[in-house]
Amino acid sequence: MQTTELTSQIPQLGLTVHNLWMMVSIMLVFIMHLGFSTLEIGLTRSKNTVNILFKNMMIVAVGLVTYAICGFNLMYPGDFGCIEGVLGFAGFGVGPAADYDPLTYHAVDGIGGTYTYWTDFLFQGMFAATAATIVSGAVAERFRLDSFFIFSILYVGLVYPIVGSWQWGGGWLSSFSIGESAGFHDFAGSTLVHTVGGWAALVAVYLVGPRIGKYVDGKINAIQGHNIPLAAIGVFLLWFGWFGFNGGSVLSADPETTSKVLVTTCMAAAAGALSAVIVSLVLFKSYDLSMGINGILAGLVGITAGADQMGVMDSIWIGIIAGAIVVGAVAFFDRLKLDDPVGALAVHLACGIWGTLAVGIFGAKAGMDQFLVQLIGLAATGATCIISSLVILLPIKALLGLRVSEIEEIEGLDMHEHQMEAYPDFRIDSH
Amino acid sequence: MKKIEAIIRKSRFEEVRKALYKVEIHFFTYWDVTGQGNETEAHVYRGVSYTASDIQRRHISFVCNNEYAEPAIQAILAAARTGEVGDGKIFVSEVLESYRIRTGEQGSVSLKENR
Amino acid sequence: MKKIEAIIRKSRFEEVRKALYKVEIHFFTYWDVTGQGNETEAHVYRGVSYTASDIQRRHISFVCNNEYAEPAIQAILAAARTGEVGDGKIFVSEVLESYRIRTGEQGSVSLKENR
Amino acid sequence: MKKIEAIIRKSRFEEVRKALYKVEIHFFTYWDVTGQGNETEAHVYRGVSYTASDIQRRHISFVCNNEYAEPAIQAILAAARTGEVGDGKIFVSEVLESYRIRTGEQGSVSLKENR
Amino acid sequence: MQTTELTSQIPQLGLTVHNLWMMVSIMLVFIMHLGFSTLEIGLTRSKNTVNILFKNMMIVAVGLVTYAICGFNLMYPGDFGCIEGVLGFAGFGVGPAADYDPLTYHAVDGIGGTYTYWTDFLFQGMFAATAATIVSGAVAERFRLDSFFIFSILYVGLVYPIVGSWQWGGGWLSSFSIGESAGFHDFAGSTLVHTVGGWAALVAVYLVGPRIGKYVDGKINAIQGHNIPLAAIGVFLLWFGWFGFNGGSVLSADPETTSKVLVTTCMAAAAGALSAVIVSLVLFKSYDLSMGINGILAGLVGITAGADQMGVMDSIWIGIIAGAIVVGAVAFFDRLKLDDPVGALAVHLACGIWGTLAVGIFGAKAGMDQFLVQLIGLAATGATCIISSLVILLPIKALLGLRVSEIEEIEGLDMHEHQMEAYPDFRIDSH
Amino acid sequence: MQTTELTSQIPQLGLTVHNLWMMVSIMLVFIMHLGFSTLEIGLTRSKNTVNILFKNMMIVAVGLVTYAICGFNLMYPGDFGCIEGVLGFAGFGVGPAADYDPLTYHAVDGIGGTYTYWTDFLFQGMFAATAATIVSGAVAERFRLDSFFIFSILYVGLVYPIVGSWQWGGGWLSSFSIGESAGFHDFAGSTLVHTVGGWAALVAVYLVGPRIGKYVDGKINAIQGHNIPLAAIGVFLLWFGWFGFNGGSVLSADPETTSKVLVTTCMAAAAGALSAVIVSLVLFKSYDLSMGINGILAGLVGITAGADQMGVMDSIWIGIIAGAIVVGAVAFFDRLKLDDPVGALAVHLACGIWGTLAVGIFGAKAGMDQFLVQLIGLAATGATCIISSLVILLPIKALLGLRVSEIEEIEGLDMHEHQMEAYPDFRIDSH
């Protein structure tokens, strides 16, 4: 073959490689939903297992479909037709534009096109369902299934993509700057995914109230999860999936950046685990595996906003602090009688905030200006999420109710909503 | 000495526990059993709906001195009742002897508080 | 015929089994129960420390002819004791009749070895 | 009132259930226990073959008015038998009192059908 | 380095990228075997768990070895020496030809060589065991282990590759056409893998008979699976694996095609889940997770034949219909007293047929001619599979028997065939 | 774009591809830790489940952190400043050298740079924790948690990298040769990972003694694992991870080599499974799933040293022999009263040795000289590991003790070290 002929294949070859990495990342983000599922059922009681699995499985389906219907075009509207920088919509359904060329669809300087329209949609779609899953964990064991799905459809279909568009869709937040700072920085979604899920979880937990027996006569009771091995499987799979969550957020397979992102991600997770375990060893004189699990997730959520900005030591520090935060936050939310069976508030909300702020404290962008930008970004998205959650949940509460009946809660949602048991062969000593 | 056995709904267990505490029954043993009775439960599994009359219940058993028996029975009757079919049963029988393993005590003293 | 029921620590089960063998009790039935008593256990879960008074125990039950009862009780008392609160209890009651299903034998002969 | 306790093979449970239905025992409670007896089971695990004499069995227990006891015992004897070592036992004992929690009924009426 | 020197590396680089994607797909197809394992044990009783795991684990080993011995060379015979277009055999064992050059071994126009001989063998080998696994699920809880393995070895070693060679090996089916149609189309194996397994499952289920207690006095009883979380893990892993099953069937990492295949695959799965859940909500007034699980698989099997031909909406429709079919098919097979503990017939056979036909109804190839070609392809492969299954199973039935003894079935295959329990520490309340 | 401009992107593109494969391998090796976790808890009793999960989860964290602090720079010291060919240290912490250029950091002839510094670190770091995990399995159910972690930190931080440096760091072993042989060959770590873990496990098992009830009155008792499905999940995930363990050890995505390595890896695993099952069927008249599991792992460990040297038939033979060895070794170690709940000695030590020697018997390098080199390499590393383990463990034994108290062992480590149960909702019939 001629040299020029061969050479003309290079951009296509580049696209193939980068797109391949993005497809691997899609799968990894997909498998996080299994991680969330087993984590959540592991940390809750056996009598609600089918219910939680149902929610987690269907949320992927619902998430993908709503994202196809409108989410994707709300999040990446191209131009903000409705409100400049705040709201745009590119129409219902998915499909590339008429002049679509994968070689230029998402071209990076010096690299060329890095993925196709389809990869873009699927990667973003897999992210979308995550936010609802966070809520699912926090309100587990007492939230009505129908109310949850109505909420999820609206939240994943509208709120998540609109807030996301402010930054990743090229909206106002992405160019918002103070002084020297070069705009809000949220690499893979500490704010846009984790706190967006976290704020909704906070509102939902507040509105639905604690589980029966959790706070009795001013005492905090532990309601143990029923299957620690499943929880452990969950956390390993989430870490595994985070390789794609963060690694894919590079949006190309650029070797130096992606590999460094994987290193910072892993170091933060490792440091988070150690720190949470050591802090809880000191406080509770016990090697608390449940806190180790939360520590890993804390480190992962914490590094997510700045995984591309940090050095190895930065990421270790972010992990250490995240691990300590999560231990404190679990106790803090318990003190406030916000009952969160799986620690979703502590992990996703508290450490999502920490991770966002950490970009202003550690790493390449650290500085007072950046810190303020991060803070304002958090405040703006937080306020929006809280208000939207209220706007969605209050009418549902009035019309359908958020909470299952007392007898249903005591006997388990599985038997009442699904007429099915998770473990029919096993003798269960339900609590 | 009497042995009281109660077969109750799992969902009433915490109430029964509290009620027994009030009549000074601090010791008992329980385990989960399957009850076959009047009540049935609806199930759905892979498109087959069916009803099962095997229902999980909790079996509470304790031995107490005679004077404690009647209050304990009344306590359980009150706390375990929902009024729906399937509330369960209480059975009373005679026990000849009792021992506390820790101390080797025998007879009614072995059923009294002793730390 | 006597029915002997013992509620013991799971950790003493193997000892008790051996002790019963020595007094020629080769047949018994056991299951795991939860005991509510004096003993409490410390737990930690996601940063909440708490104590539970529901403790897993093993319930051993067997029926034997009258002359075997006393040695069996002594055997259990000795083997199950640790001296710490929570060692459990032994209860003795009367049984009217016994049958061996395999042979249909009835009465005390049904409790004797027969292969 | 009599309490009938039967320790049977799990594999005979459905037969026994049907047999009890035929003699109008519609209420009973069962749970799974481990039986220690003559029978042994062969196991292999990671290259170690061994036999265990702890075998899972089902414990059925019910209380009935005196006239029901004999037919029920005969029904179980017939339905639970395989003829192999390990078929299990039936024990009969006296019960002093019985209550239906739902209605508070006491005595033999509490054991009768009532929906 | 000189430009020409560098340029000469391009074909090798292309091979490396495409081959990398195929290797990723191999792993994903491999992990489907774990998915099948946990799905099947989750949906059956605890007393048969070791048995099912044994079958699923060993089938991978047996599948790979028989495929190495003869399967690969039956399926890809190069030329059909024995019967033109129907039967060819390239000899025992594996190993590339003398003139083997990975750059040309499987070259695609405009792309170049896309994978090596070894990748080819392993990818196909991983597929092969799938067919036997489908049977394993359908006859679970009562089929003799030895009879199952004899059947599997013959079916995976001979029938699967011969039928496969008709299409993927370049046999008669691949060029069979009516009118306008350009030949039978089975992208990733709705017919060649799923119905091939499904027909054998049908025959085996029919011959072995239902489990004791399933159909009593004309009533259909539900025999619940013992571990729903394991079933859920299974379905997530199968979806995960399907990224490779379909994605790898592109046979290159071509960015546009692969990413679009992933999108159609995921949309069909999501739509299948929603449709099965909604249909069973309407019919049974219950959020039936077991049907949701089957719905996902139905969507995946349904899209498999035409994942490369469909648009987003097509794939959603295919999924919706597949989800409805699976609910109906479960009831239908039950009505026929074909007892299939895990729903393999409904998923793999019914939806495999649907997926194959859907190529004639939806997507780029839709048309009456294509529909007929698909139908004839189905009929020809179906007849072959049914007859071969009978030819293999009837002698086994006569000589060894297909079914375990009654006592073995009641007490569980684990204790009798393996003398091992799956959960020795747990109190089991077996049913 | 100009031809030359485009052409100049080729080395970068190559780096991207190869690095991508290495990143995929990192994830796969990471997920092996989940595989080890579920395998180990599956094969032990429920009362020690939290403890084992805690160890396996924290060991990843500890492994990564110690490897970042000193392990990496001990294993790849660049030059051996301290003792030529035996001990070198490039300083604490991680980070590339000043003149670091990913295009040349690890360049392969005819391929160019294949991965970045970060990929290198993370891949090696994921390997490191494996050695400690092997020990964890062998001493499960009775080893003190604190003693285990002290040991692990020292062993993973110092012994593993120093021994590793002899071969992979370019030390004396890598160039050690006898006659014709071209140096010790250990492709992916039969010796450097598996026996390094195995020897330490041997010493630890010997020092800590058997579990109560394992060897009574000269009789060997079986102490069954509590959850066979988890063990099966573990072995599937380990096989899955081995695609990266061996595939990544090619250190590039070279299509021919990587795909062939995957084939040899899979064939050895399959052959190992079949051979272990058949041997134990003959010996124990039972389809022993627990041996099938060990057989797969035996095949995988056995092929690891020479996966790049073997043909298909070679790898099948290696697997068959490994499968037989593992059955014999389990019995052998039991005879010696070395109580190893998960069979780690049989799998990692015995088959690690077999795999190392097999390089001298089968495949491209087979020959007497090579066999001797392999034997000497094994002896040297083995002696070092045994001595180091003693040097670390004996003082720990004297100061803290290695073994938990009797009551703790009987009641379970979960309640005593963690005050947590693994399955609070289930009726456990602990043994």
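Labels A, B, C, D, E and F are assigned to the chains in the order they are written; within every chain, residues are numbered from 1.
Methods note: a contact is a pair of C-beta atoms (placed from the backbone, for glycine too) under 8 Å apart; a residue touches a chain by one contact, two chains touch by 3 or more.
Remember, it's a predicted structure, so these values are computed and weren't measured experimentally.
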Labels of chains that are neighbours to subunit D and to subunit F: C, E
Common touching chains of subunit C and subunit A: B, F
Reference interface D-F: repeating pair among A-C, C-F or D-E with over half of contacts shared: A-C
Homomeric contact subunit B-subunit D: same or different residue positions, threshold half: different
Distance between the centres, which are taken as Cα means, of subunit D and subunit A, whole angstrom: 52
Approximate Å spacing (C-alpha centroids) for the pair subunit B, subunit C: 19
Mean-CA-position distance for subunit B and subunit A (Å): 46
Touching two or more other chains - residue numbers and ranges from subunit B: 31-32, 34, 43-45, 49, 93-94
Multi-chain contact residues (two or more partners), subunit F: 3, 7, 10, 13, 17, 20, 24, 224-225, 227, 233, 286, 288, 290, 418-420, 423, 426-430
Chains touching one another, given as label pairs in label order: A-B, A-C, A-E, A-F, B-C, B-D, B-E, C-D, C-F, D-E, D-F, E-F
Touch list for subunit E against partner subunit D, complex: 213, 407, 410-411, 415, 418-420, 427-430
Residues on subunit E engaged by subunit A in the complex (per definition of touch): 3-4, 7-8, 10-11, 13-14, 17-18, 20-21, 24, 28, 45-47, 224-229, 232-233, 235-237, 239-240, 243, 247, 253-256, 258-260, 262-263, 266-267, 269-271, 273-274, 277, 286-290, 292-293, 296, 311-313, 316, 423, 426-431
In the complex, subunit F residues that touch subunit A: 1, 3, 6-7, 9-10, 13, 15-17, 19-20, 22-24, 26-27, 30-31, 33-34, 37-38, 41, 49-50, 53-54, 57-58, 60-62, 64-65, 68, 93-95, 102, 115-119, 121-122, 125, 145, 227, 230, 233, 417-427
Subunit E partner contacts - residues on subunit D that touch it in the complex: 10-11, 14, 32, 41-45, 49, 56
Touch list for subunit F against partner subunit D, complex: 220-222, 224-225, 280, 283-284, 286, 288, 290-291, 294, 327, 330-331, 334, 343, 429
